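Each chain gets a letter, A, B, C, D and E, in the order it is written, and its residues are counted from 1.
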Amino acid sequence: ADEVTLQLKWVTQAQFAGYYVALEKGYYEAEDLDVTIKAGGPDIAPVQVLLGGGADVMVDWMPSALAARENGAPVVNIAQPFKSSGMMLTCLKETGIEGPEDFPGKTLGVWFYGNEYPFLSWMGKLGIPTDGSDGGVTVLKQGFNVDPLLQKQAACISTMTYNEYWQVIDAGISADDLITFKYEDQGVATLEDGLYVLEDNLADEAFKEKMVRFVKASMEGWKYAEENPEEAAEIVLEYDETGAQTMEHQVRMMSEVAKLTAGSNGALNVSDYERTVASLLAGGSDPVITKEPEGAYTLEITDAALQ
Amino acid sequence: MNKIIPVLTVLAVIVAVWYAAAIRMNSQWTYDQAARAGTEVTLSTLVKDTLAQERPKLPAPHQVVAELWNTTVEKKITSKRSLVYHGWITLSATLLGFGIGTLGGIALAVGIVHNKAMDLGVMPWAIASQTIPILAIAPMIIVVLNSMGISGLIPKAIIAAYLSFFPVVVGMVKGLRAPDQMQLDLMKTYNASGAETFWKLRLPSSMPYLFTSLKVGVAAALVGTIVAELPSGATRGLGARLLSGSYYGQTIQIWSALFAAAALAAALVIVVGILERAVLKKMGMAQ
Amino acid sequence: MGMVREKYSGKNKDISQMKKPVIDAQGVDLTFQTNDGPVHALKDVNLQVDKGDFVSFIGPSGCGKTTFLRCIAALETPTGGKLTVNGLSPDEARKSRAYGYVFQAAGLYPWRTIAGNIRLPLEIMDFPKPDIPERVEKVLDLVDLKGFGKKYPWQLSGGMQQRASIARALAFDAEILLMDEPFGALDEIVRDKLNEELLKLWAATNKTIAFVTHSIPEAVYLSTKIVVMSPRPGRITDVIESTLPKERPLEIRDSEEFIKIAHRVREGLRAGHAE
Amino acid sequence: MNLLYILLVLAVWLGLWWLNTRFALHKSTQWIVPVLFGITLILLWEMVVRLFGVSPVILPAPSAIWTRLVSSMPILWQDFVQTIFKGALSGYVLGCGAAFVTAVLIDRSPFLQRGLLPIGNFIAALPIVGIAPILVMWFGFDWQSKAAVVVVMVFFPVLVNTVAGLQATEAMQRDLMRTYSASYGQTLLKLRLPAAMPFVFNGLKIATTLALIGAIVAEFFGSPIKGMGFRISTEVGRLNLDMVWAEIAVAAVTGSVFYGLVSLIEKGVTFWHPSQRG
Amino acid sequence: MGMVREKYSGKNKDISQMKKPVIDAQGVDLTFQTNDGPVHALKDVNLQVDKGDFVSFIGPSGCGKTTFLRCIAALETPTGGKLTVNGLSPDEARKSRAYGYVFQAAGLYPWRTIAGNIRLPLEIMDFPKPDIPERVEKVLDLVDLKGFGKKYPWQLSGGMQQRASIARALAFDAEILLMDEPFGALDEIVRDKLNEELLKLWAATNKTIAFVTHSIPEAVYLSTKIVVMSPRPGRITDVIESTLPKERPLEIRDSEEFIKIAHRVREGLRAGHAE
């Protein structure tokens, strides 16, 4: 069997259910693949792992992947299981925020570590400065969790539809007390979890062929997970080595994630790609990427996989 | 043994302060919730609520104890929900790293004491090495090792070793230099070789210093392991428990992992202390 | 014992050297460089000590007694003049393990028992294993510490520790014994006893002994040669060849001859202080 | 080819090492040794990166780091002020001061000492990476929470050392005070505090590196968008490793200078201690 | 000086007490509990010391000399018997600052200069600030350390340190001086000189002095009363009232009377050793 190592962007959770399902259900095995899934974490940059040779393929968000590409790390998107963006800004109503025009003067929590690009380009588009100058917002580097909102240290925080939002709800704040701004709705959606490999490797036919099988099996996993959220959550739970995840949480995450993967068969939609690039290029005075990327994606793999 | 009563007294005071603080710090949330629901807060509901929140700002002692109990005694030790299991993962990396750090530290100290160039050159850089924020380079070390095909226990142990070697170097250099001029002169009049002076004079005199720094070193090794467990894919170990606790805002889980880590550190220090007493007694230095 | 000595420090037993002085100092000078200026610890020191001599050094605090002993043992290097031991440089003599040194303080290793401390030089000089216990017992007996071999240094009084350190220096039969105020912490009675023992040992083995003391009677009682020193700069002001016989009962201290020598030493000392 | 490179690197290393052993021999040239040692390390690093073509995303070359350092001075300075001056220094002063005062206070009560020290040791063993997120939650995102982390980190080392130091007087020195019938305050001021100084400074030195690390690490768990820890974690995510290393270099230099400064004060205060007399 | 003393340790100057002994020990017992069993350091010690007495303690190592001095100074509490100082308990006497103690080792504070060390008791006892420098100069001169006031202890030789510690004890004019082998590290000439100085001081101030020594001539030369002690258990075996006159030139040491007393002390000591 051919060995493939997959580096995730974050810890083991239903966000990556498709891959775990494919592994558990033997879809990889059926494609003659021996897949190892490496969980990520708050300080693991998947690109570094990929470049260091620690993995063959990684899950990453397109903004950070394109930024890395500009920084001299030639990664290429080979598949895009997530069709829509799950990121949003969740605000407490009591702070008086009703729309983006109310942001100036407020404190907003943002994830950094490569996750800040969508936010920055959104603010760029709104023309709201983020560097602390007048008429702008105060940006906080938000930690792992939703505490800043609960402790009222920030008016809004970044959340994912499938995860942190529900933590806020679980913490006892009702949805009525919250107002959310989905990037998708604000027209600044960027592509999230996609599969990326190193450009050099793609020159190797054997590798390409391996990736075709990998993407194919992974998408099978995703589709199975979408249809069987309970079972998928159970599988994820089994692979979680920390033993900290709960069934309830993962089932809900799975059903939310399913909404994001729903529209995708794995192939990258080029117009989505172009929208993402445009949004990143437009980021005001400090755009995330400065020039149109070339060769940042290939449809070859999915084309072959999806016959 | 004469420590028990004072320790219990201080402990009682701490617990009392802790409860008071828990009520105070968690009350904001209770009031907010009441305001959202439009109800009044009485004193008794305040106390009851603040001490039983699911995501308290400061969990009450009994909540932490219950969680600890739950995750140690109630769970099978092979279960990944058992703190004993995660403690063991952390412990094994800690011990390996501590071993590497101690050996490396001693070797470096021997070099520093016997070689003038090393003495002058290495020490400032050893100090500088400890001012590097470990949390920043831990992920890089892990990634680099990963690319060399090394993962799992070893990267954690290396970071643990990085933190524990320094106290050992400092203590050991002090210890190997502890013999006074006269003790060294005595060896000279015997025309003893460097090796003989080392084995029969420097090493024995360094023992008390070594053990003191080993106690610091073993605690540092544990911190190193936990730091390494944070970014290394948050898989197993107390560090991963801390991380996932933080990630899901489960303060109670964080606190219980914290206490487990501190207890582990305390246990390790005690073990080194027992070893120290045994060795020093054997050498006739325990007076 | 003599046989063993030949075996372990044999180099310097050449008969042709027997007539040459064992210790030969010619114009020895030593200046310490300290942070507040140089200290002239020894100035133009000339001294010849023959094989079998018992030479005592006496003088006020800081006159360089210890420093001179350390030069002989190659623990300090003179900054001027010429110093030979058995015709060799002090360092070569040290390498041939010619010295037994008793320091001003006991300096026992606290992690070794008394016996362990005495065993230390024997281990380092590779004495045959089976011989060692016997030797240790013998010297322990000599300094009246029989039965204390298994104790640790801090379990003994100061005086007992000092005796143990003397035993340590005697254990390996060095040709030259350098003793820096070995009896300082002892009371008069014990001191008298050890003085007698030391004389006996010296008579029996024909060792060369250099001995530092603050006590005039002790110096006179023990020595064949008394060196009186004076400080700032440290130098020799008088060398007195003793006219006392080799056989010396304790009562000799009341003899006229003894009192005469003691008087001369005292005068020399006083002169050094008066300056 | 690789073998050749390895040999080349080894040769440079051995050569410089040999040079260093020469310099170590003479007092007048000894100061060169640590400098040359550092230069050696940096040179080897540069060689390895260049010869083996290590990706700048994994490990940038020292020369690249230097270029970045020089060109990013304003940002580095802003981060420095935020982390070192506001976070580390205030926490250091507060933590060390509180520890010192506590030590003097509990010194009178053996009961409190016996009770507090074991518990203190236990608390000191709490891993800061676990404490930092909690303190960030309690004290907010700005430098106050960083200072709090530093206080927690430095408190016990200084406390334990000071308590040990206050007990480090010799029996005879204490007896002397008793024969004078000196009061508690007099004994404290004239005997125990001076005698404790070598220990206190031991604690203060350890605390310097802890303070720095604590302030930086705490920023990983939430911060405003400036500060050394913020910059490091953010720039790793952006794969600007040269910026990361520039910050690390600033941290290391600052830490060493801080340590050196405290050592210098120590030399002045405890000039009488054998370890300081050379 | 006498005036100042009255002022600062005035309590115990009642004339009615003048006839009572200053130090009165009746059946004093002291047992140390150590981990390998009790050590009987003092057994049934009876001793009366009158105002103005100069009493020497002599005896083999470990016979309890230091321990007894410490009991007087309330640094050790007897486990049996009765001990009073000026009719008060030792601890009360200590609180009235009746003691000047010279320890067996110098025990200077290394962070203070020599002058600073001597100043220490004066500061603690609140001597008027302007008087202090003069007092310090005076005692420095007395022990021959003029000009060394600004040095630190570790910059002086052992003998000089010991003299500084004597100066420290003399600086504040305590009524009772307790001296534990104060001249141990000094050479004979310096020792003789300090012996003379001490006698002069004693004669001039009528202090009560308790003095531990290992030297028989020293004990005889200085004392009005010589206490011979013996170890295991520590006890008094002989108390010799000196018949020497109060005026004592150094030459008195050759007198018949002196030699007789010295002989009795030596016999007493020897008996203690023989056991």
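Observations
FYI, a residue touches a chain if its C-beta (ideal position, glycine included) is under 8 Å from a C-beta of that chain, and two chains touch if they have at least 3 such contacts.
All figures in this text were calculated on a predicted structure; none of them were measured in a lab.
Among the remaining chains, those touching chain A as well as chain E are D. Steps from chain A to chain D, taking the shortest chain of touch contacts, total 1. Comparing mean CA positions across the assembly, the chain most remote from chain C is A. Chain pairs B-D and A-B differ in how many C-beta pairs are in contact, and the one with more is B-D.
Between chain B and chain C, the centres computed from C-alpha atoms are 53 Å apart. The geometric centre of chain A is 84 Å away from that of chain C, both derived from CA atoms. The set of chain A residues that touch two or more partner chains comprises 42-43, 45, 48, 51-52, 143-144, 147, 151. Looking at chain B, residues 57, 135, 139-140, 143-144, 147, 230, 246 sit in touch with two or more other chains.
Contact of a single residue of chain C with at least two other chains is seen at no position. Of all possible chain pairs, the ones that touch are A-B, A-D, B-C, B-D, C-E, D-E. Those residues of chain D whose C-beta lies close enough to touch chain B in the complex are 17, 20-21, 23-25, 30, 33-34, 36-38, 41, 58-59, 111-116, 118-119, 121-131, 133-134, 137-138, 209, 212-213, 216-217, 220-221, 228-229, 232-233, 236, 244, 247-248, 251-256, 258-259. Residues 42-43, 45, 47-48, 51-52, 64, 67-68, 71-73, 112-116, 130, 132, 138-144, 147-148, 151, 153 of chain A are the ones touching chain D in the complex. Chain D meets chain E in the complex at residues 170, 172-173, 175-182, 186, 190-191, 194-195, 197, 270-274, 277. On the side of chain C, the complex with chain B involves touching residues 70, 73-75, 94-97, 99-101, 103, 105, 107, 109-113, 120-121, 123-125, 152, 154.
Within the complex formed with chain E, the residues of chain C that make contact are 58-62, 157-160, 184-190, 214-216, 266, 269-270, 272-273.
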